[in-house]
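Look for chain A in each of the two complexes below; its partner is chain B in the first and chain C in the second.
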Partner chain A sequence: MTQPLLDVQHLHTAFITSDGSFLAVNDVCFKINRGELVGLVGESGCGKSVTALSILRLVSEPGKIIKGSILYHPRHDNTDEPTVNLLQLSKEEMRRLRGHKIAMIFQEPMTSLNPVFTVGNQIEESLKLHQKMSRAERRDKMIELLQRVGIPDAPKLLKRYPHELSGGMRQRVMIAMALCGSPDLLIADEPSTALDVTIQAQVLDLLKSLQEQTGMSLLLITHDLGVIAETVTKVIVMYAGQVVEIASCQELFSNPQHPYTRALMKSIPTFEKRDRLETIPGNVPRLHQLPEGCLFQDRCPKAKEKCRQQKPELEEIREGRWAPSTERRDPGAPEGRWARCYYPGDS
Partner chain B sequence: MSLLTIENLYKYFPVRGGFLMRPTGHIQAVHNVSLGVAPGETLGLVGESGCGKTTLARTIIRLLKPDSGKTLFEGHDIAPLSPRELRPFRAKMQMIFQDPYASLNPRMSVGDIIAEPIIIHKKIPRRYRRQRVCELLELVGLSPEDYSRYPHEFSGGQRQRVGIARAISLEPKLIIADEPVSALDVSIAAQIINLLQNLQKEFKTAFLFISHDLKMVKHMSHRIAVMYLGEIVEMGPSDNFLTPLHPYSLALTAAIPIPDPQTKKRRLILSGEPPSPQNPPPGCRFHPRCPYAEEICRQEHPSLKECQPGHWAACHFIDKVKKQLP
Partner chain C sequence: MVGRQFRRNRLAMAGIIFVIFFFATALLAPFLANDKPIYLYHEGKHYFPIVHQITHGHFSSTPHNLKAYGWRLMPPVPYSPTEYDLSSLLIPPSKNHWLGTDDQGRDVLARLIYGSQVSLSVGFIAVSIYVIIGLFFGAMAGYFGGMTDLIISRLIEIMICFPTFFLILTVLAFVGPSIYNIMIVIGITSWTGIARLTRGEFLKFRHQDFVLAAKTVGVSTPRLLIKHILPNSLAPVFVSATFGVAAAILVESSLSFLGFGVQPPTASWGEILSQSRDFMDIAWWLTLFPGLAIFLTITAYNLVGEGLRDAIDPKLKI
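Our next item is the complex of A and B:
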């Protein structure tokens, strides 16, 4: 059986503040298989980015990963490497993985590039840290990387500073940096949100073609369902720190199971309809005073007594109802779909 | 009669450099723009960042003084007016800003922020002021308890609601909404869009709705104007924008991600990035990125032509683009 590349189980990340503590990531489970394009979608504050940062163990004070496991199975071409739980690695071991086998690109490329170093300096840093190369080799590698991300005139670009580049170019540089260690998993946190649509199309196309060339897995975090529909094969929907639905991209859009996903789909404008947008009443619950039971209950048209009393688990759905508990699989197993709701689908 | 008419508006920003900081060039932020907004109508303005959408908005509302051109509001040219003379017009024209973090004074409570236009324009007697602000807070989806809270206590989305409450507090005739929902989440954005549409129905408010999101603009607007490098390249009824006439609008339409994995779409990915507005390319400003460009596009600047009733486009090869459409 092929093991997934990344297996996140019951991840809890809490922020402990003077107002009390709250769970930004609340029992998150999913898998990412090799070479899979996975989308993580949700509104701001739903825990998408914190989930990504937890995978890289970059959550900073006052945030803390308090529970769960993140199993990472290195790619098969280096079979001797055992499966590791990222949460149990030492700082040093984690540092060796981070930015090398698991890389991340961020939303705002200006703030994630250092303004006082040239582009060349910054790409070189990663190569210096993770790979043994001579100076000339590093230079060749950098030029090759920049050409792969579609930057014309790469040798010249190495000497330039981030402020001299446009947003699209900066994001390409970020992607080139992430590719330094030919990563198994690239986490892209809203990589195109700060860019214009025509540039966004270029960057998404680039990410897709790089994924095809290298066979890496891609975890694409976005709030834009359009970007999701065009880029990924599997989708994880998050709400208020929880995963509420996991499905293949096709199924998610044709037949969403969780009431939140259904409502979300109806609230985006399309080219066709000109009538009113459907809205989701109310607001996302505040994370430090979560209700008992389902977190979506106050905004859900289908909420019943049960939803207010007991928290639903993420369950596999088959033909619109829960799969029998004897056949239970872990969330994210291939060809399955999961929803955290007592009354999924039309029922 | 149209509520707002703009004729040949220009706004350039000097670029200074050298020892004496003399002007060395100009950013052509708004270049010969003409448009009109009828009462109760929504005109959508789309374009990529840096194309001059925001400068146009600020110039219309006279936060910036235009270099030349006319801005007729209800028939009065407000372009040359002094700040004092402008004041009565300001009450009728309000703006919702792009960045909810920068557009609210961090030292004022939300209630005071929303009440400020009411105080300045003396619209409502003092004793009803608080009540009015609370109404406005509820209208935009906040609660009256938020009256004495400060902007930093709110999320970006909630701050934008405060900005909207402030803009509608005087029931203006024209609201210029500069990317009002780009900072909001989809479910919240839908609420705000519906709210803006309600306001429009109730008070017959006209909108100049600026966004980079063509989908949102299409949903919201009666007519759409597409801007590229400081110029309007296409303008027409929003229903026509499924089949735009200018190659740039076409690329813009094609670049929008459609939330439906079934649609296999025609991809027209533009290569390159918009050139600098400091020295725009000669001839048609779009020609370096245009897949249809020919010699004439490098030489001659195309002017806006009415191709269909009410639908204008500035391109030498509109017929060629039309043929490509499904």
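Our next item is the complex of A and C:
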């Protein structure tokens, strides 16, 4: 059995402030297989970015990972590299892994590049960190990387400063930097949100084609269901710090199971429904004072007594019903459909 | 951008021209004021006595009785700052002594020229010392925050409470006055301003996206601090350091004036002023010229500092 590349199990990340602590990531489980394109969707503040930063162990103070494990299985079967729990690595081991095995790009290409260095300097920095190369080799590698991300006239670009580039170009430079260590997993945190629509499509296409070329896995974080529909194969839906549904992209759009996902789908504008868009009533629960039971209960049209009393777990479902417990697989296995709801589907 | 903005400011340009002039004077002091010739032609041989002195530390290869023989080129001020001439005491400014002589017959201009070396080295070395200390503490406090920040911030506040000048006087009274002690004492007492500025800058940058981006690439913390954040936070530090040079020069002059500074016979502006006290009623040139030199230098540095500050900060533009 092939092991998944990344196996996130019961991850809890809390922010401890003077007003009390709250869970930004609340019992998150999912898997990313080798070469898989996974989308992580949810509204602002639902814990998508904190999940991504938790994987890299870069959650900044006062945030802290309090529970769970993140198992990372190196990509190539023939090497003897053992499976590691990222949360148990030393700081130094983790630092060496970042950028090399797991890389990340950010939403704001405008501020993600250091304003005082040239593009060449910055890409070179990440090359220096992870590979032993001569100066000439590094230069060749940088030009090759920039050409791969579709930048014409790469040698000239190396001498430019970030403020001289457009948003799309900067995002390409960020991607080139992320590819320096030929990572197994690239986490893209809203990579296209700050760009205009045509550039957005270009960047997504680029990420997709790079994924095909290198065989790396891609975790695409976004709040844009359109981006998800075009790009990924598996979707993880988050709500208030929890994973509420995992499904293949096609299934998610054709037959959403969790009431939250269903409500989300209804609020996408289409040509057919020209009148008022449907919205989800109510607000996301305040993370300081989470309700007992299901976190979506106050906004759910189908909420019942059970939903208010007992917290539902993320479990496998088939045809709108719970799967028989004997056949249960791990959460996030590629074939499965998972939802955190007692009454999934239409019923 | 910054350069253009700076050049548009006339006062700042005047300041920087004076600062360059001051630098040149200090660096070329041996060629500007010396009792040995720059070039000497004697019995078919060429001599460069001043160059020889600088490279070898003495004049030994130069023929004795220089004034008697050969063709020679003297520096514009043909006196050394420590050359006593008891036949010309307290001469007012004249053709031979442009800015007059002091009570021991030494040329005031020559002493002023050599004094600029003291001011320059004290200004720069003291400021370098405290910029380094300030950057270190400021970076630690700003980046790590929490307990580190608390301790360093309190330390800064304690340091600020001391009247620096009297602290320096006290320390010098114990360790003995010398130019090196002055540099070190100014250096270790004046770093608080820089530390606070740096702390603010690091606080601002530590949560910026590019810092996070650098972390995701696997940059280690020391490297992140030095290579990624520091270059972004240097601009205000430079401005502050420019003002700091002026302040350090002033402190050195004050200390020398009080006799805690540079020891005779080394010339320093404050020391010349201090000697002039006894002759203020008969020798005005002894007071005026070193005072003017201090005033002009401090003003020039402050003008440069203000020009830099305005050029860097677009919000201050009026």
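Here, the second predicted complex is superposed on the first by the 344 of 347 C-alpha atoms of A that agree within 3 Å, B and C clash if a C-alpha of one lies under 4 Å from a C-alpha of the other, contacts with A are read in each partner's own complex, and residues count from 1 in each chain.
Just so we're on the same page, a contact is a pair of C-beta atoms (placed from the backbone, for glycine too) under 8 Å apart; a residue touches a chain by one contact, two chains touch by 3 or more.
Fair warning: this is a prediction, and the values are worked out from it, not measured in the lab.
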Clash-or-fit label for the pair chain B, chain C on chain A: fit
Of chain B and chain C, the chain that contacts the larger number of chain A residues: B
Chain B versus chain C as contact partner of A:87, first or second or both or neither: neither
Chain B, chain C and vertex chain A (Cα centres) - angle in steps of 10°: 80
Which of chain B and chain C A:276 touches, first, second, both or neither: first
Which superposed partner A:200 touches (first chain B, second chain C, both, neither): first
First, second, both or neither for A:96, with chain B first and chain C second: second
Touching partner for A:226 - first (chain B), second (chain C), both, neither: first
Touched partner set for A:71, first chain B, second chain C, both or neither: neither
Which superposed partner A:112 touches (first chain B, second chain C, both, neither): second
Touched partner set for A:263, first chain B, second chain C, both or neither: first
Where chain B and chain C come nearest after superposition, their Cα distance in Å: 6
Footprint overlap on chain A, where chain B in one structure and chain C in the other make contact: none
Residue ranges of chain B in contact with chain A within the complex: 48-49, 141, 155-157, 185-191, 193-194, 197, 212-216, 218-220, 239, 242, 251-252, 254-262, 267, 269-271, 273
Interface residues, chain C side, partner chain A - complex: 145-146, 207-210, 212-220, 227-228, 231-232
Touching residues on chain A, where the partner in the complex is chain B: 43-45, 166-169, 196-202, 204-205, 223-231, 249-250, 253-254, 263-265, 267-271, 273-274, 276-280, 283
Chain A residues within the chain C interface of the complex: 56, 58, 60-61, 95-100, 103-106, 108, 111-117, 125-126, 129-130, 174, 177-178, 180-181
